[in-house]
Amino acid sequence: MPIVQIDMLEGRSLEQKREMVKKITAAIVETAKCPPEAVTIVLREAPTQHIAKAGILAADR
Amino acid sequence: MPIVQIDMLEGRSLEQKREMVKKITAAIVETAKCPPEAVTIVLREAPTQHIAKAGILAADR
Amino acid sequence: MPIVQIDMLEGRSLEQKREMVKKITAAIVETAKCPPEAVTIVLREAPTQHIAKAGILAADR
Amino acid sequence: MPIVQIDMLEGRSLEQKREMVKKITAAIVETAKCPPEAVTIVLREAPTQHIAKAGILAADR
Amino acid sequence: MPIVQIDMLEGRSLEQKREMVKKITAAIVETAKCPPEAVTIVLREAPTQHIAKAGILAADR
Amino acid sequence: MPIVQIDMLEGRSLEQKREMVKKITAAIVETAKCPPEAVTIVLREAPTQHIAKAGILAADR
């Protein structure tokens, strides 16, 4: 029962999200050998003020 | 110090969330044998575009 | 499709975990008005070296 | 900077994990239009005592 | 490659978040002995309806 | 009530973890203006087989 969580910057379209969960599920089904129904994915979008790398917010890059 | 995170579809009322955290905390206190003060819960709501099962967004079902 | 994650100190028995997921699921079904099959729970156990409050590890309390 | 977390039952081989992260990254790069270097994935394995659905541990199914 | 997730009540300013990720990254670099570029942080803000302690929502305290 | 989760490669000593949670808590207290008791941190260690960047496991780099 793989549970997938993805935190990413906001801005992707519904079509992009639709394709993303479809392809990620296929990748897991193929490699983990589980049925598609076992794969749950939750996407979470963050504004650029909320993701940082090397101590610097994406908003400040 | 149980830390509980719940990702769920948006749409529950304040009263539902109030009851949910009350009952989940009681369930943990009773079974994990810890004081209520030790239980922290964070709820996160997702739009139907952000939760998928079997590779299909809740928005598309 | 509520997804529940619980991080807690290690040490609970299988019977305690069994009761915990049963009661938490019941609490969510009752308050969120969703079917039991929609509730997924993942437990994660941490040693006392891995949980801290007020800047002090549980191992040092 | 997509951050991917996957909680799943233990038991997959190193080769399965290697293929899984490769294919998931490709799926995100293709759909989110970001460079591969921006994708970080963390896998977490759970024993059957630690994942539940419908209030029943995988260990009890 | 430390991945840091912080769930907190909403209400901090951009300047507070900027300082927070800067100081947390410095703390990790200093203690985990890794380069700053290896540290990724995601902040998530919750309304007072979404964080509970001891079974009571922050909104009700 | 900031809740901090850190996923990182295994291998840090108890002393490093002790200093890490102390300094991270201080960073949050200073920038978020909350009392130390409000800060909870959970550390999770991953083997090199379980963290990937750019589609490649840390174990394979």
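In order of appearance the chains are A, B, C, D, E and F, and numbering begins at 1 in each one.
As a working rule, contacts are C-beta pairs under 8 Å (C-beta built on N, C-alpha and C of every residue); 3 or more make two chains touch, one makes a residue touch a chain.
Remember, predicted model here, so these are calculated numbers, not experimental data.
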When the contact pairs of D-F are compared by residue number, which of A-B, A-D or B-F has over half in common? A-B
Using mean CA coordinates as chain centres, what's the chain A-chain E distance in Å? 20
For the pair chain A and chain C, the C-alpha centroid-to-centroid distance in angstrom is 23
Where does chain A touch two or more other chains at once, residue-wise? 1, 3, 5, 7, 17, 24, 26, 40, 42, 44, 51, 53
Could you classify the connectivity of these chains, where an edge means two chains touch, as line, ring, star, complete or other? other
Per the touch rule above, enumerate the chain pairs that touch, sorted by label. A-B, A-C, A-D, A-E, B-C, B-E, B-F, C-D, C-F, D-E, D-F, E-F
Listed in rising order, the residues of chain D that touch chain C in the complex are 7, 44, 46, 49-57, 59-60
Can you name the residues of chain C that touch chain D in the complex? 5, 14, 17-18, 21-22, 24-26, 36-37, 39-45
Complex interface listing, chain A residues touching chain C: 1, 3, 40, 42
In the complex formed with chain C, which residues of chain B make contact? 1-9, 12, 16-17, 19-20, 23-24, 26-28, 30-33, 51, 53, 58
